[in-house]
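Have a look at these structures, which come just after this line.
Consider the two complexes below, in which chain A is the common component and chain B and chain C are the respective partners.
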Partner chain A sequence: MTDLALDIVQQILNGFLFGSSYALVGIGFTMIFGVMDKLNLAFGVTALGGAYVALGVFHLSRGPFVLVFLTAVVASGLIGLVVEVTCFRWMPRDYPLAPLMATMGMLFFIDEVVSHATHGRPMAFPAPMGTAMLEVGPWLLRGDLGFMFLVALAVMGLLWLLVYRTRLGLATRAVSQQPVAAQLCGIALRRVNASVFVLTGMIGGVAGALIGSAVGNLSPLLSLPLTVKGLVTAVLGGLGSIPGAIVGGLLLGVVEYQALYFFGIGYRDMITYLMLFAFLVFRPGGLLGQRAGG
Partner chain B sequence: MTHPRRHLVSILVLAAFASALAWFPAAPALGQERTVKIAGLGAMSGVIRGFGINSKAVFDMTVDELNKAGGIKLADGSKARIVTTFVDERCNAEEGISVVRKLASEDWLVVIGPTCSNVAEPLFGILQQKVGAAGDSGLQFPIFTDTAIKPGLAKISEWAFRNVPHEPTMYNHLFKWLKEKHPDVRTMAGGVESDFAHSNSNAGTMEAAAKAAGLELLGWEKWLLTDTEFSTQVGKWRRSKPDLIAISSHPFTLCGTLREMKRQGVKPKVLVGLTSSATLETMVGCGPEAEGLIIPTGFAPVTPEAKRVAKVVTERYKGNVDIHSAAVFENLQVLKRVIETSGVEAKPGTVAQDRRRIRDGLAKIKEFDGLLGKVKRLDDRESQKPYVFAVAKTSDWAVLHDPR
Partner chain C sequence: MEFYQSLLTLFGFRILLGLSAYVVILTGQISMAQAGFYAAGAYAAGAASAMWGWPLLPSILLGGLVGGVLGFLVGFPALRVRGLFLVIATLAFTEIVRMAFLNLKYTIRVGERTIGPAGAEGFRGITYYYQHGWAPWHILLFTWAFVLAALLAFWAIDRSRAGAVLRAVGEDELAAASVGINLTGAKVAAMTAGGLVAGLAGGLYAHYATYVSQEDFGALLAAFAIAYPLVGGTGSVLGPVAGVLFFSLLIDGLRFLGDWRNLLFGALIILMMNLRPHGIVDVGLVRRAARLLRAPRRPAHAGP
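Our next item is the complex of A and B:
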């Protein structure tokens, strides 16, 4: 195999592994949109906020990574609930732009809180996998990204069970399809909405902790890229489609790595957003969205 | 018992009256207390807030010390207390210009700052270009920069002064020294955070210095300030096996790159970093991975005064003295000297004259004592500062070579 072929395969593998983090963040965006038909721009920073809380707990307790991970999940779930209450529940229903702008405000608010609390400096985040690498023939696979990929698969499996095998999942699907009818059937709309925000927040916590451990640092610099990449993933996969977010995240990862390898950093994002633009024009419903073509 | 009590009451009343009399003549003096108003300007919010925090910590510490030592002597021989404010430029040009215009419209005499080169460059552009130029309505307001490091900015206006390290001098010396110490080092690969003005311009400085030292450049890998994954870039270094890798990026992406190098087993003979990464931030973020990283820096706690300042700022002002914030200490000492020798009156009606006196005084200074030694002032209002080569060693910075 030539060096070029080896490198292309290496980039595909890297893209798949790193794309799983996009998928996790994309699921959060897409689930909230699926249920409420609204975008939550504060989702990325919810994930980051939870990771920062977990880092605080780690500094206080010096506990194991499992504790850090669980703290991130719980904290992000709670932040998700706060976002639901402040940016959606209290917002007037006649102004659809209000919750969108409120979540944008929340994004910058949490970002500044983090920035003030940490003086804007990156902080080391526990990385249980360290710098472990897995050699698969001529290719190298990052241990932490591989771990993230597996956890992402597990989260997606659990999410599938929850959505399709529980009463909450049934209620969530009902609300996402016919909110008025669901309410008439006795489903508590507010409770379902709050549950979705807590649940997606927890998924964000998983993503925040795993990304933090893969990066090795937490920084307020991460919030905007997480938000943008999560949104792009959700749009590529199809807003509202959970399987779509998974496929969209992996696709985004692969495209980014190939673009970086062949064209360099100056063109990576350009190619990514050209792809987004093409999707919006030719397939606005995304890969697996139910609203393809509007 | 009544007599002694009556005496006691009388004594207390008399004492109170006496102390009131003693205090009374002092009251007008308090009202006339003289002040010199010096403003700080730095990034206090946003993602590079850390730089502003450190500058402000050193600013507060130095002003407190100067005031405790009696303040600044004015033209008429009276002593003035330094009054300060520290305003946020958010690393945003419009914000920086706006807050400086406001300071200039008030009675602030001089500004120390800003943090970011992308603020300094347009900010210097709104100052009067040549002192006394007829028809030039630019601000006549002295600015003495501590952090914004992009080469050559003070040329923009005669009201702009800088006390920042001269990176081309430091890197030329560093690469020449490295070549002497490691004659087997022949090839160099670079990595640059290409969307940040300082790291981007410094990559050019590194490249020129490496070529001047006789190294063969294999190429540059690029990433962005917010990138978190560097396997593609490091993978190219793994394949090209350079003897020396020079990384021109700030601590966040520097740490990510160093971690990826460790993962992929990329171990060059020599590793060189960006001046702005010779900070505690790098050690906190990735001390073990940074082991052996060499950076030229204008500050290290290697003199008794530098050690003292670093200790006080860390312990009492919750900041760090580093290559950038150290200049704030020096700038305030220089300003004290200038104000005391240039006839500054610090009266409400002399603000414009005092600003001009400070500017002219700063322009006349050819040398002053810095924390690492003598700092030379150049004709273009830039500084030539003493420096050392620092190396990351057991998660701390140590002096590898001291050319002072």
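Our next item is the complex of A and C:
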């Protein structure tokens, strides 16, 4: 095989593995949209906020990575609940613009809290895998990316069990299809909504911790790119579709790494956005979306 | 005095930007593309006056024209996506424009200096005002001429059939289409008008700032563009103005809080949306105010 082909396959592998973190962030956006028909622009920053709390705990305790990781999950879940209460609970149900604006305010707010707490400086995040590498034939698998992929896979499996095998999952699916009918069947809409926000927040915490450990540090500058990447993932897969977000995230990862290889960092994001724009125009429902153009 | 003049000039740019988002919101669409139109207008107008030696007015108008054409072009593909998908698509557009300017290198020698867009270093030397000896109050009047023209135009549109058409499309597309309203025409027209106003604002801003950089035109500016009408209210053109006042008083009035004001800023947006989800000047308030103004002119009740 030529060097070029080797490199391309290597970049596909890297992109595929890193894309699993985009998939997790995309799931967060897509689930909230699926259940509430509203965008939560604060989701990316929820994930980042949780990762920062975990980093704080790490600096105080110097504890093991498992502790850091669990802190991120719990903290993001709590932030998710705060977002639900402050930006969604008291808003008019049929007017999606008010929560859109409020979550944008929340994005600024959490971003500023993080900037204040860290003086805007990037901070090192603990990496459980160090610089471990796995050789697969002529290719190298980065240990942290492999770890990220496995954890993401586990989270997706748990989510599948939760959505299709529990009463909460049943209620969530009912609310996402017919909120009024679901209420008539005795499903407490508010409780389901709050649960979805806590749950997606926890998924965001996993994503935040994984990204932190793979990138090696956390910076307040991450929040906007994370938000945009999450939105792109959710739209590529079709807003509201969880399998779509997984496919979309992996696809985004692969495309990004290829664009990085061929065009360099200056054009990487431009290619991503052009792909998104083309998708929206030619396939507005996304890859696995049900409703065209929402 | 000069401080207040520059503050008022800044208000002008913000109001124009808010109006450009407002006219699109009337058709029920949320566009984050306004920052992209604004950026394109700024670069085009700057290049016209600083690099090609055009007079000021044609340069600014070129900025508006570029914004309008881009709005028209974005309007068509954007028609295929609705609601929250459009927010994301137009956000991508703004980022594409920003990155195009990040990678754009086009400089020429003018006398002693090299001017023009120089990639990440931005576009320096848009010095028309300075070269022609304009005082701050000249700049203020020039900017506000555009602001007042835009306010009057949108106020008139709101009271005409065209305004009714735009609002009908925004209220209920299906109903609007069934009474024979051309949805494509209405949405593309709104996007074009929005692009035009944003392009003008960008051109004015570029000349005021003398230096523009792609960093100024990112998602944050796009967020502000829709925040002005959404927080201010979409009941009338006064909504975006109210929004600009709300934000400007926060931004410039809370300066004594130093770094903490940004924190309060986010919290206040959340609070405002909880208290008045439809904005400060919402449709209900406009109707009540109109009734109040009309009341004295009504003939007195002539007995049973």
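Just so we're on the same page, the second predicted complex is superposed on the first by the 287 of 294 C-alpha atoms of A that agree within 3 Å, B and C clash if a C-alpha of one lies under 4 Å from a C-alpha of the other, contacts with A are read in each partner's own complex, and residues count from 1 in each chain.
Here is the rule we use: contacts are C-beta pairs under 8 Å (C-beta built on N, C-alpha and C of every residue); 3 or more make two chains touch, one makes a residue touch a chain.
Since we're looking at a predicted model, the values are computed, not measured.
With chain A as the common reference, chain B sits beside chain C without any clash.
Legend: residue contacts after superposition of the two complexes on their common chain; A:224 is shown touching both chain B and chain C. Judged by the touch definition given at the top, the superposed model places A:100 against chain C, while chain B stays out of reach. After superposing the two complexes on chain A, the angle subtended at the C-alpha centre of chain A by the centres of chain B and chain C comes to 60 degrees, rounded to the nearest 10.
Of the two partner chains, chain B is the only one that A:3 touches; chain C does not reach it. When the two complexes are overlaid on their common chain A, residue A:246 makes contact with neither chain B nor chain C.
Residue contacts after overlaying the shared chain place A:140 against chain B, while chain C stays out of touching range.
Legend: residue contacts after superposition of the two complexes on their common chain; A:112 is shown touching both chain B and chain C. After overlaying the two complexes on the shared chain, residue contacts for A:210 are found with neither chain B nor chain C. When the shared chain is aligned, chain B comes close enough to touch A:265, but chain C does not.
Once both structures are fitted on chain A, no C-alpha atom of chain B lies closer than 5 Å to one of chain C. On chain A, the surface touched by chain B in one complex and the surface touched by chain C in the other have residues 112, 116, 224, 266 in common.
In the complex of the two chains, the chain A residues touching chain C come out as 33, 38-39, 86-87, 90-92, 95-102, 104-113, 116, 224, 228, 231-232, 235, 239, 266-267, 269-270, 273-274, 276-277, 280-281, 284, 293-294. Residue ranges on chain B touching chain A, taken from their complex, read 45-50, 53, 194, 222-229, 231-232, 235, 239, 251-252, 255-256, 259, 262-264, 281, 284-286, 289. The part of chain C that touches chain A in the complex is made up of residues 30, 77, 80-85, 87-89, 91-93, 95-96, 99-100, 102-103, 218-220, 223, 226-227, 230-231, 259-260, 262-263, 265-270, 273-274, 277-278. Listing the residues of chain A that touch chain B in their complex gives 3, 7, 10-11, 14, 18, 112, 115-116, 119-124, 131-133, 140, 142, 211, 214-217, 219-222, 224-225, 257, 260-261, 264-266.
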